[in-house]
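I'd like to ask you about the structure that follows.
Read from first to last, the chains carry the letters A, B, C and D; within each, the first residue is number 1.
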Amino acid sequence: MNRHRLLIDCTDNVGLVNQITGVLASHGVNILENDEFVERDENHFFMRTEFSGVFDSGKLYSDLAAVLPQNALINLTGKRKKNIVVLVTKEHHCLGDILIRHAFGDLDAQILAIISNHQNLRELSEQMRIPFHYISHENLTREKHEEMIIKQISQYNPEFIVLAKYMRILTPQFTSLFPNRIINIHHSFLPAFIGANPYKQAFMRGVKIIGATAHFVNHELDEGPIIAQDVVSVNHTNSAEEMARKGRDVEKIVLSKALNLVFEDRVMVNGNKTIVFE
Amino acid sequence: MNRHRLLIDCTDNVGLVNQITGVLASHGVNILENDEFVERDENHFFMRTEFSGVFDSGKLYSDLAAVLPQNALINLTGKRKKNIVVLVTKEHHCLGDILIRHAFGDLDAQILAIISNHQNLRELSEQMRIPFHYISHENLTREKHEEMIIKQISQYNPEFIVLAKYMRILTPQFTSLFPNRIINIHHSFLPAFIGANPYKQAFMRGVKIIGATAHFVNHELDEGPIIAQDVVSVNHTNSAEEMARKGRDVEKIVLSKALNLVFEDRVMVNGNKTIVFE
Amino acid sequence: MNRHRLLIDCTDNVGLVNQITGVLASHGVNILENDEFVERDENHFFMRTEFSGVFDSGKLYSDLAAVLPQNALINLTGKRKKNIVVLVTKEHHCLGDILIRHAFGDLDAQILAIISNHQNLRELSEQMRIPFHYISHENLTREKHEEMIIKQISQYNPEFIVLAKYMRILTPQFTSLFPNRIINIHHSFLPAFIGANPYKQAFMRGVKIIGATAHFVNHELDEGPIIAQDVVSVNHTNSAEEMARKGRDVEKIVLSKALNLVFEDRVMVNGNKTIVFE
Amino acid sequence: MNRHRLLIDCTDNVGLVNQITGVLASHGVNILENDEFVERDENHFFMRTEFSGVFDSGKLYSDLAAVLPQNALINLTGKRKKNIVVLVTKEHHCLGDILIRHAFGDLDAQILAIISNHQNLRELSEQMRIPFHYISHENLTREKHEEMIIKQISQYNPEFIVLAKYMRILTPQFTSLFPNRIINIHHSFLPAFIGANPYKQAFMRGVKIIGATAHFVNHELDEGPIIAQDVVSVNHTNSAEEMARKGRDVEKIVLSKALNLVFEDRVMVNGNKTIVFE
């Protein structure tokens, strides 16, 4: 079926849903799924519509623009897989989960390449037939290393960059190139345990639940818009290593869930927060 | 603020959202929250809208009827507390939770009376200043006992009847008087462990998770439309009694959650299933 | 049944379980439940045993002391309800939950009194027949106000003090009087959102899960040993107020769960962490 | 470190823990982790101990037998990976999860071979370098097909057989060959939705939570001892296919969790129930 997605992000006005659905009706398309949200404090309107039908997309776009506020962002896409590049360090669990999904069509994305500062995941990547690029950070400044990664990424021109346990902090120079297009999995229930070694922090604090957070990456470490979170119980018998082992299952499921939400165009960004139309 | 709720349930047509929102716009009301759902297999449309504004409700109703399919059910209400009667047997945890919420305005309902076939909960009910009616089932046929309860209920003319651990099975004669207006809490994760003593059943089966289910009551025991469910972990050290103790916390939270969803007009019934606009 | 609990906390030695169970066997008691934990990093041993039987408690105590390291803490108690005083401010949900459980014997405690700096919960307390003491903080220094509360508490000589949404920060002078005997419910998933207004903080951060934490209170705000935690999902449609409403159900269940763990002598404190023998 | 596991399963007697730990002490070994459980109704004792040290295993075994009841089952093993064979049909998610864990040493097992009645998972198996045997069931009686599978399995002599979404029902002839050694993942929250197509059943019933169950397989379909379960929320917008998609993440995590519990000798079977020493 010919399925399309329309995302609208603009100042709220009385009657917007009526006007938008009126335009869609005038083009004879059939709405399959529709969600809207109004952020009251900021008087801001967000809408996601899936519809089918044959239509003139240029005309639909201009008809929508005619009824929407001037600041409206209108995003109209046919349903298709997103192109992505995955960055990893040494840990295999998130990459493994993504690769298995990818191999069987469970991920709404095409993995173009995997880039790592270590060789540990080369074999898995090649077994699963994805190009693997090793870009060591040794003897390089952070800026020079990132420059090499960016150069490699740019050869693939991906729509999204997935940090599947990439354990180096990205500079603002890097992140500003890909606003709301870098997705990271952080191994804690943010904002608890920001920064390094969250399982060790969790163990030291004696928490009874640990978690994981998938989020867009912006200039501040672990401070970008949260897409998805989940948790798992722990207790006094769990060492920091056992917490990490339990946490890995949560990390991979949360990351893959967030990726599919993003790739299905279900996530809209509002400042430092997300609207997720599940 | 003058807040209204509109529920619509009808055959789906292309352009329904546009037509409904067009009618609302023509009355000058302001949509605050809007959810719709189309059941594809049955081509059926469900919509819940909250809006504010001053309008002529008779005119709004007839304008909506004019654009909707003939089978449309249109329900237009101002936001207000529902009138309810609560039936209980001996267990206090669900009734206690409801009474505390009621006393402090956390329940979107007015509890008119409590009816029980035992005296155990009289003291609590009276401490919380709700009329308590003791209608013993001893030496009565089931039909005669229900007749007495129905007579007592009818004095209060409630919109909903809440079975807060009422441990007797209702006859179809009873339930058919209150279609989709009786809400029960069942102490298992339905459809597992239908019928009597589900915690004993769960213990005997050796399950690792137990749960509770709030549902509308219809003619078949524990088979009505499910409104809400939740679970809690158990293990081999838990006796059937300990499972029951853990389960009670889930039961009361699930029942109160379901009640507020129903009382806020967020639950629509579709055959034996519910649409819940959270 | 005559049921006893033995708690032991000492440096770990090879053969401790054998020696302790040997002493118990020599007294002819019957072990019903037994849990032990060794903190490897600190080489520290924790044990909780429930047993039945008739025995000489002075002799048992001295026999245990003879086989245990010199630093051993030995706590031997018959199973009985703990005496507690509850401090509250204005919110009713945690107090209401505790009072209902108390009224029906579901809380392993005797509530001696309720103390508050506001009058809001007087009526509920009196309906449930618990003495209520209003000690306003108005026109008082923090120290003077605490002095008055301590004086009131001391008239009851409770074993534990429960902060059931008591919204004032206690001074070290207060908390040092009751080491590991004050239990607080914090309305966030600690260590996320320490301090004031955690639901507002959670809303501003755009988290997808919120939680609650029951913990012992020590000198640092929200930094004491965690006893129990739980979470609930939220999303972009939830205002800070709605998060607070969802959170209240988690708060009351987590607090009551923690209270029963403590009152059943299932919680041992190890520095800033707890061992919970569930 | 030289780490050993001792499992004991026998009638309960007063003083058993003392006698067992006495024997271990006399052999000079160091207990690292110890769990016991007494099933009161059946007066049955279960114990799992991990210890380190150098000892004479024949002597330890006979010394234990001397103090234990005659019906005692004593299982003493050094910690090592279990040998397994995995049976699959067409779905990749559970096998993929197991293979990734296996490749990086996260599964306490050696996968000797994969057997399937379809070719769908051959490529993945071979990419991950595990022998794959295709044994079609076409034109074969169930008995003949099982005979061929058993013959293939027996060439590997595995300790456990894992049904990672093997979608054919095994006959009692098959299951009786491997008592408590076949582990299955069932795609529902047992005992709800026993049998075929549980997601379709869940969709039709309108449940709000779905789940998965890992269990040993015995003669009755889906009736064997449950090892682990978990759940995930669904709602009215989810089709049966979407429930299946959500469910797959739960299935793979629950199966892998159960496998590691079994492979670490943490699961003891008591009739139709399990004792899980986590």
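Note that a contact is a pair of C-beta atoms (placed from the backbone, for glycine too) under 8 Å apart; a residue touches a chain by one contact, two chains touch by 3 or more.
In this text, all values refer to a predicted model and were calculated from it rather than measured experimentally.
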item: Any chain in contact with chain A as well as chain B; value: C, D
item: Interface composition of copies chain C and chain D: same or different, split at half; value: same
item: Selected interface, B-D versus A-D, where C-beta contact pairs are more numerous; value: B-D
item: Inter-centroid spacing, chain D versus chain B (mean Cα positions, whole Å); value: 40
item: Between chain D and chain A, distance of the C-alpha-averaged centres to the nearest whole Å; value: 35
item: Per-residue multi-chain contacts in chain B, two or more chains; value: none
item: Contacting residues of chain D [partner chain B, same complex]; value: 37, 189-193, 205-209, 211, 225-231, 235-237, 270, 272-276, 278
item: In the complex with chain D, residue positions of chain A that touch it; value: 92-93, 96-97, 99-100, 103-104, 106, 124, 127-129, 245, 249, 253, 256-257
item: Touching residues on chain A, where the partner in the complex is chain B; value: 14-15, 17-18, 21-22, 24-25, 30-32, 34, 36, 38, 233
